[in-house]
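Take a look at these structures.
One chain, chain A, appears in both complexes that follow, with chain B as partner in the first and chain C in the second.
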Partner chain A sequence: MSTLTSAANPSRGLRWDAWAIVLWIGAGLIMAAFLWVLLDLLGRGLGQISWSFITEAPENAGRAGGIGPILVSTLLILMVCLAIAVPLAVGVAVFLSELLPHRSRLRRIVQISLDALAAVPSVVFGLFGNAFFCIQLGLGFSILSGGLTLACMVLPLLIRTTESSIRAVPQRYRLAATALGMTRSRVILRLVVPLAVPGIVVGTLLALGRAMAETVALVFTSGYVDRMPGSLLDSGRSLSIHVFDLAMNVPGGDANAYGAGVVLIFALLVINGAVLCLAKTWKARSGMAITAAT
Partner chain B sequence: MRRERRSFLLLAGGFAVSMGVAWPASAGERLVITGSSTIAPLVTEMAKRYEKIHPGVRIDVQTGGSHRGLNDARRGLAEIGMVSRALKEDEHDVTSFVLAYDGVTMIVHQDSQIEELTKEQIVGIYTGRIQNWSQVGGPDKDIVVINKAEGRSTLESFVEYFGIKTKDIKADVVVGDNEQGIKAIAGSPYSIGYVSIGNGEYDVGKGVPIKLLPLEGIPANRQTVAAQQFPIVRPLNLVVANNKEPSARVADFIAFATSDDVRDIVESFYYVSPQPGQSEHGS
Partner chain C sequence: MPGKDLESEIRHGHHGGNVMTVAQPCIEPAAHREPERHLWCISDLTVSYGEVIALSSVSLNIKENSVTAVIGPSGCGKSSLLCCLNRLTDFIPGCCVSGRILMHSKDILGGQIDDTRLRKQVGLIFQKPNPFPLSIRRNFELPLREHGIRDRQEIEHIMQSTLEATGLWKEVKDRLNKPAHQLSGGQQQRLCIARALSLRPDALLMDEPCSALDPISSGQVEELVLSLRERYTIVIVTHNLSQARRLGTDVALFWLRDGKGTLVESGPASQVFEAPRDDLTKLYLRGAIA
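Let's turn to the complex of A and B:
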């Protein structure tokens, strides 16, 4: 709106330009900070990267060799986390926003507890995961324990983003679909959830980022073992733990810490791209399903 | 619609298969060792060598601190605990075996004018009585006191030697691991901290701008630690609970880890082997 008036009034336009410059500088500073970190990391870590670094096992406490098993463990932990968290989050979000009445007390209680859970520091999740999954359920230090703990950690975030995107689906769509004779479950499965996919994707990406960066919760649950995992019940070290250990605990581990850091960033970019791609194809398909059904 | 169902089945099937493949727990003998994060990389390397000699044995090393190592060994959650300090007198429910020795000394930035501090001066700095370097013969700059986080064994060795209580320490920065402490001091010219001598010596050799201070006139290096001359020396221990007989495998691994066969591993981490003999890192 303000751009319209600024076009008509030159003095306003000038002020708008000044604002634009401030905004550009702000955006530029953020870009610069990101680029600085990235270039520093690339400058020191890129030299370490090679095919053998990505595939081979670490040797000499990670100072030599590669990060193959650690990469595999990290991906397995993320898979377990998302396989549990995403369906559960979508289910809970649908329940909260579609099935419970708008002013339900239960809904408020669930929301408050989710918000409280979202604010819990990750070390608490780590201790909880260790006590519950590792010891109580007898899973021990394992990729499964780590993935489940991370799932608990990212659930509040996922549920909240999914819920708000479901809520953003216009009410008249639901009314129209019901008027056409679609059952409630069908409206949810074929209309509401597909339309909420962008929100679910954003939530999943945020959750992935948080899970991938997590260190302290995983030290207590998935553990420190840098061997190639043979099963989900084996302990496996995540990339973030490996970077932390090399940088802070192993004298002379710096070079490979930077190398592993570069891999961590690239893995994050690749996984983000894959999730976006997946969501796009899925949305296109379910969109076709809607047109076919109507 | 059919296509959608098919893709769902495919996904579910794929997940089931991957779970099935991933599920069977690997068979064979397994030892769990938990505890000190200082010792964990060292024992990980020893375990790898042991696994090569004894195929079929798996040794999982987990971290979490010395306190955790003691507790896990006592409660039977781990066969062996890792404790990076000497056992206290009331800890007679566990038996310890020395893997290596490590000295702890004060470090300052390389550009610092300070060459040595007395015990009283260090106590003063850490309890907040001395706040400026000029009070101990340095420039007129505030002292940045770097301390270790509660539960760290270097902190325990430090307070035990200097006879100060942890709660009386007035620190500006609290760090966790040794390397983190070294990085903090290298990045802050008027700071002081304490660190493992092995770690410190290694980083000085790599050109990190820090300086190891002598204590009681004894230079801080691995030779004085090996000779047991340096005032703060801590053992890096493996511990087992006394309440049950350790298995033959546990006993065998401990014998291996404390033998001369792993001296090169101990020295690659800049610690001092408990085995008598020539150190290959003599200077």
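Let's turn to the complex of A and C:
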């Protein structure tokens, strides 16, 4: 027995080493590509960043001036998106995981449609949002239309993450609460959902990141206008559209495109960093892993 | 065991139960022990999970303010019995309960007591300690608020008094806002008992409360049970026969017959342990002792 293992071990170890090297090289290449993009962006765009760039309005189609109104529009679009999507997602997730029976057909069907919906390209969401929110509901090209469209787009992801974090709450806590005479609705409201909040927050941040990076869906719904929005029914240009527009449609807009790109990527990095941090601290605190479909 | 003789058996058993104190029969006034009251009268209780029959026509009376130890091999339906007594069975998918359980002469299976009220009156302690993964204080707030106690002072007071009753106050009073699952297993189990007591129940059901604990912690829980047995009706499931001896005033032995859980023998602890009537009981007790 002992000779067998000692004979088998080295070759196994060797093969492992070879695989490990391949994996490390792969990981290294990915890291290098990411760093290259990041450094390139920072090298060209960092010089643009200043207080006036962040706060001032764009001039000369964005070649000069800043991104103030665009940041405001982006923020408003994201707020509309989350204000609609998060409560809806929590409601649907509670319904799916707590109220429907475990092996229900309806649940399977909803889950499959959610997965299908998550795989739909964003341009389709854009067209849908344009047809439904802009035209059908008469909201026109507006921040509201854009936010609602993004809400539809991130909803599948949010429902999935929320559902899995609700499901990750161990059954014994529900039983304990029930045995203490808590009614079912109270168990859900006071215990299960609060315990799932970390997962919901992480899912929300992921959705936020995706919404922020979205361009195409917004071209069709929130529009191009780069003025400071006066209300949610005004058209507003998001950061990602601004970058796209400056880079593709405005000759001489490159420098400011990089500047806006730096702001965008900085926001995304902050969001992702927050996700990692929160997931880690919450796991340490509650002993429950946060399961988020990344 | 046929349910008919149980009433008489227990009554007889009661006299048998005083066998140990028979040398000093006059010290205790007869009136003190006289009104033998039952908290639960279970008759013809059958519990099934689909095909599996966990309990088959069980009839048993459980005395008020005493400790009934429920013993028997694994899978004979002890946990199922406890879950019937506070109707937690409603929550187990596929679980089907029939028969009658009277509590304070109200039919609890027939729904004569509201189920949340029932569960407030009958606390359940699980095998694995399960405080909510929240702060210690929140573990009390949550159920108390559910039952209409909102006043901060009052919650604080109830929390302190139950934690004192479970001997936990000194250990946790400086960390009430810390997560409950950072406590040791034994402390967690006593916290769960305190949490159940905070609702001022009449009875406590304990499902192998010590089996996940080290000897010292389980000793503490045992002492706690002994200190509570004057005021609460306690039903405790245990695989530990010496624990059943130490804690039980009454004992019920269940067995798996033809794949169905059945009650073999029940009565005062001294009678069941010293003079078991059923051969199975003799064998089980002897086998476990050996």
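Annotations
Methods note: the second predicted complex is superposed on the first by the 234 of 294 C-alpha atoms of A that agree within 3 Å, B and C clash if a C-alpha of one lies under 4 Å from a C-alpha of the other, contacts with A are read in each partner's own complex, and residues count from 1 in each chain.
Methods note: contacts are C-beta pairs under 8 Å (C-beta built on N, C-alpha and C of every residue); 3 or more make two chains touch, one makes a residue touch a chain.
In this text the structure is predicted, and so the values were computed from the model without any measurement.
Superposition of the two structures on chain A leaves chain B and chain C fitting side by side, clash-free. Touch criterion met: A:Val250 reaches chain B, while chain C stays clear of it. Legend: residue contacts after superposition of the two complexes on their common chain; A:His102 is shown touching chain C, with no touch to chain B. Annotation for chain A, partner touching more residues between chain B and chain C: B. In the superposition on chain A, contact of A:Thr183 is made with chain C only, not with chain B. Of the two partner chains, neither chain B nor chain C is touched by A:Phe128.
By the document's definition of touching, of the two partners only chain C reaches A:Leu195; chain B does not. Minimum C-alpha separation, chain B to chain C, in the superposed model: 8 Å. Across the two superposed structures, the residue set of chain A contacted by chain B and also by chain C is 285-286.
Residues of chain B that touch chain A in their complex: 1, 3-4, 7, 15, 18-19, 22-26, 32, 37-38, 40-42, 44-45, 58, 60-64, 77, 176-180, 198-199, 202-203, 206, 268-270. Residues of chain C that touch chain A in their complex: 86, 88, 91, 93, 116-120, 123-124, 126, 128, 130-134, 142-143, 146-147, 179, 181, 192, 195-196, 199.
Listing the residues of chain A that touch chain C in their complex gives 101-102, 172-173, 175-183, 186, 190-191, 194-195, 285-288.
For chain A in complex with chain B, the touching residues are 60-62, 76, 79, 83, 135, 140-141, 219-220, 223-227, 230-235, 245, 247-253, 285-286, 289, 292-293.
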